[in-house]
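Structures follow.
Both complexes below contain subunit A, partnered by subunit B and then by subunit C.
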Partner chain A sequence: MSFLDREFLSGCAFLLPLVIFISALILLPVLGTFLDSLQRDLPYLPTAFVGLDNYLAIFRDGGFWDSVRFTTLFVLVSVPLEVTLGMIIALVLNETFPGRAALRAMVLIPWAIPAAVSGRIFELIYNYSYGVANYVTHLLGVGPVNWLGTDLGAFAAVVLADVWKTTPFAAIILLAGLAAIDEDLHRQAQVDRANFVQRFFKITLPVLKPVVVVTLLFRTVDALRVFDVIFVLTGGGPGGSTDAVSLFAYTYYAAGDFGYGATISVLLFFVALGFSLAYIKMARFGEELK
Partner chain B sequence: MNVTFRRLQKTFYTLRGKVEALKSIDLEIGQGEFFILLGPSGCGKSTTLNLTAGLERPTAGEIRFADRIVSSPERKIFLSPKERNVAMVFQSYALYPHLNVFENIAFPLRIAREREIDEPVRNTADMLGIDDLLERKPAELSGGQRQRVAIARALVRNPDLFLLDEPLSNLDAQLRTNMRSEIKRLQRDTGITTIYVTHDQTEAMTLGDRIGLFRDGSLVQVGTPDDLYNRPQTPFAATFIGSPPMNVIPSEINKEGDAAVITYADGKSELPKDKAWMLERLVDRKALMGIRPEHISMVTTSESISLAGNIETIEPLGRELLYHVRTGAGNVLVLSSDEELRLGDTVHLLFDSSHIHLFPSEPGAN
Partner chain C sequence: MREERLKKILLAAAAGLTSIFCLAPFIYMVLTSLSGNPDFLLPTKSFTLTLANFTAVIFSESAHFMAYLRNSLIISAVTAVASVFLASLAAYSLTRLPLPGKTVLLLSILALSMFPPISLISYLFKIMSGLGWVNTYAGLILPYIAWTMPLSLWILVSYFAQVPMDLDRSARIDGASRFQTLIKIILPVAAPGVFSTALLVFIFAFNEFLFALMLTVDYRSRTIPVGIALFEGIHGQIPWGEIMAAATITTIPVVILTLIFQKRIVQGLTRGAVKQ
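Moving on, here comes the complex of A and B:
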């Protein structure tokens, strides 16, 4: 056996555990879900192969398109908010000041609280009669807002709760990226007479781009799959106006229609995969490595 | 443009307490001068450079560029780096990793919204011999090439003042020697007032018109390389400049008849006439005698009273040998081309009295 062959075999041996883990934990479930989406899988009928019938049914399902519309809006509003706020927090936390370490730890608290708990907290905050949110609107001279009872109010409530919870996550990833930037670059840019705004847009942001893209990727995929906050806060209401795709799929799973639920999951999977590939291409990781 | 520092102080406040990075610096750097800030790490030389660039604010004192005050806490004046036309080269080169060489060099021009960008960038790149690298990213360059790009970026906009912070310490020895002469040539050609920070005394000696030697936040001595080498004013300056360093031997000065004599352990030398004033200055006759390794000769037998010792180590330096001799007055370094001597040999050291330096033994009493 030649050296290269042995090199190749030992390389494969090192990869094998990872391949087994990924197959068992990711590939098999995805394949299983995919197969399930091609079946009629109901508790009261024998399971049968139905080809693409589930997909055709979904594309004609108004409820599905409503959930797609909500989820798209949710992603478009919440992700930019989270990453922008996260960037501001990260920039502040990257400066040196007394109490920085304590503040860094504190910023993470919202993210550490389980979504079911923070969802309940927000439910109280948004309560029409005695919630803090309406106290604030009262102070601002605006009448009480029916947060969870109107389409717009519920959308805002869900976005706010999600932004509060996940901005720290974006902030921490971006902060790690910022901390890795050589401080001399900022000093050099200062000597090159760039002002604060120029330094941010011409140096910090471009250098940080791969990290920003990773943050966007994590947040987008997470927001596409949003479930827990909405499940606790609005349950998809009022009148299905905050029915996210995951929640829509869940209602079918809960009703025992696994084939239909699996079909929605598969579609969501491909959308998330598409975003991931687009972001990775955007970050041009390959080029950085070269 | 000339640069003046008056009673310049910088104090940092950290969790561990107050750190006086600069105690009180008075210094004047002339128009077109190549000035070296030399000293061991943590002596305040980089702080001085950062204060000059406007990257940090002084605690007290004043910095002037020509007649313009650029920093003065007392007068509440502080010009940001943007308002000072200085260029800087960092030890890490600080090239913008996302921009290619052309855009790195063009960056200061683009920030200044210069109309003409292409020509000055290409001219500067040409001057530094990197005109064939303009399309490359910093990650695709060698250390020496990165160094050139950093210098090109600094020179491209004709700064009033050129600041370099240990620019050569990341390069290998061969490249360092090449870049040293190149930087010297560039400075001479452009005539830009230059402040150069280094801890390497060889760099300081070869590059500088004048050197400011720092220690613990204070300027110990300012002078030409020749001044610092041949007329050091403190034992610190004496041992910091020159390689191998000057020997500093604790000694005593006494009057013997008309002459004054320096005694050290079992040896003695006559006090050079031009150093007779030392006798009056000394509090208790104790002094430190400095003598460079090349001004000592070794003999195996001696009729006069001389310092004796055993050869402990021999380091071949190529042209000469460096002997470490253990004597009653401590370890003494001797440079000699004598190859006959062996480890363990007992030798007598003869000091060339015209090259003896004397320093009062109390620290700071100079």
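Moving on, here comes the complex of A and C:
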């Protein structure tokens, strides 16, 4: 056996645990879900192959399209908000001022708290009679808002809770991008008498554009699969108005209808995969190995 | 200079607003957990300081919060150690050994980590039911190891790539096996990176929700996020004080970890998400 062959074999041996875990507990379940989407898989009935029947049924299901509409709106509103706020926080953290280290640490707190727990905190914040959200609206001279009981209120509530939880992540990624920008660029612009707003739009933003796109895509993939915060905060309500696609699929799983739930999951899988591949391409991963 | 002053004022305002934005819900949670009544903001009510919510949560057998917390700590810790150890074997192979198609493999693994968890949970539930592992530690730890491995692998590859090849070459010449080289040379040199990776995996496992919701049934394996999410109380009214006390007990360790190791966490996160 040649030296190269031995190297190759030990390389494979070291990869084995990873390959086994990922094949058995990620790839196999995904394939199983694909298979399930082609089956009638209900409790107390024999499982039967039904071809694309589930898919045809889904496309005629109003509830499914409602969940698609909600998830699309959720992504379109929350992701730009998160990246914009994240950008502002990143710009602040990129300056030198007393207390910067403390602020940098504070920003991580919403990220570190489990989404299910922050969902519970926001549920109390939105409490109609004594939550702090309506305390603030009262101070502002607006009547109490029925946050979790109306369609618009629940949408705003869910977006706000998600923005709170995930903006720090966007800020951290953008800050890493900002820190890498050449100081000389800014000094040159200062000599050219551009003010800091002009400098941001003319110099920082164009150079940072790839990082912004990557952050947008990464957050989009994550927002598409939103589950925890909505499950806790509204449970999809009121009247299904905040029923995200993941939650819609989960409802079927919880009721024992695995075939239909799997079909919804497969559709979400392909949409998320499209954005993931775009993200991986844009982030130019894998260059350090070459 | 007028612009400099304007910038300073804007900066101070933005920094102030950022800290309020990040801290306000957290402070509200702690205040409610310490209050005898959750409606202390009403003009007719006032704040009454008490530890009753904490004693209720810690000593109530029927609420099982402490069992949930223990489950969470054990499951997350085992996941962190196992995921990082197994991923470090793979990271060694990918940075040290001549394998064809490395980049493709690494990118595919990255794509796996972005799958929506809902697209595998139902079949994972069937696998775990078949094995009789629903509502056991193993039934949650094994999927968590698989689910966090892509993240571990990505971060570890970027750290291992920075360890000079000469170090392990000389160890190999001295007769060390590949496994010994990894354990005795590379892991210690990359220790700070390995530690940040383990910390991130711990936090991800600790915060995970959907798998824990589907794969656990009761206090024997249920984790704290699910326990808190499903806690509705027995008297009809939501016991906000107790829920917030449980939330406080849960988040304070994570928050302390985060504050102490913030530099490491930020480093790990940015390595996992974007290359500069």
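Heads up, the rule we're going with is that the second predicted complex is superposed on the first by the 243 of 290 C-alpha atoms of A that agree within 3 Å, B and C clash if a C-alpha of one lies under 4 Å from a C-alpha of the other, contacts with A are read in each partner's own complex, and residues count from 1 in each chain.
We adopt the following convention: a contact is a pair of C-beta atoms (placed from the backbone, for glycine too) under 8 Å apart; a residue touches a chain by one contact, two chains touch by 3 or more.
Since the model is a prediction, treat every value here as computed from it, not as a measurement.
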Worksheet item: So, A:K209: does it touch subunit B (first), subunit C (second), both, or neither?
Response: first
Fill in: Which of subunit B and subunit C A:N195 touches, first, second, both or neither
both
Discussion item. Comparing subunit B against subunit C, which has contacts with more of the residues in subunit A?
Written reply: C
Practice prompt. State whether A:G177 touches subunit B only (first), subunit C only (second), both chains, or neither.
Written response: second
Discussion item. Contact-wise, after the overlay, does A:F231 reach subunit B, subunit C, both or neither (first, second, both, neither)?
Written reply: second
Worksheet item: Taking the superposition as given, does A:M106 touch the first partner, subunit B, the second, subunit C, both, or neither?
Response: second
Discussion item. Quick check on the superposed pair: does A:R187 touch subunit B, subunit C, both, or neither? Answer first, second, both or neither.
Written reply: first
Discussion item. With both complexes superposed on chain A, which partner does A:T47 reach: first (subunit B), second (subunit C), both or neither?
Written reply: neither
Worksheet, complete the sentence: Residues on subunit A touched by both subunit B and subunit C 195
Worksheet, complete the sentence: Seen from subunit A, its contact residues with subunit B in the complex are 182, 184-185, 187-195, 198, 202-203, 206-207, 209
Discussion item. With touch defined as at the start, can you tell me which subunit B residues reach subunit A in the complex?
Written reply: 50, 53-55, 80-82, 86-88, 90-92, 94, 96-99, 107-108, 111-112, 153, 163
Item to complete: Spell out the residues on subunit A that touch subunit C in their complex, using ranges where they run on.
Response: 4, 7-8, 10-12, 14-15, 17-18, 21-22, 24-33, 36, 88-89, 91-92, 95, 97, 99, 103-122, 124-125, 127, 129-132, 135, 164, 167-169, 172-173, 176-177, 180, 195-196, 211, 214-215, 218, 221, 224-225, 227-228, 231-232, 245-246, 249-250, 253, 258, 261-262, 265-266, 268-269, 272-273, 276-277, 279-280, 283-290
Discussion item. Under the stated contact criterion, what part of subunit C meets subunit A in this complex?
Written reply: 3, 7, 11-12, 14-15, 18-19, 21-26, 28-29, 32, 38-42, 45, 86-87, 89-90, 92-99, 102-103, 106-107, 109-112, 114-127, 142-143, 145-147, 149-150, 153, 157-158, 161, 178, 203, 206-207, 209-210, 213-214, 224-226, 228-229, 240, 243-244, 247, 250-251, 254-255, 257-259, 262, 265-266, 269-270, 273-276
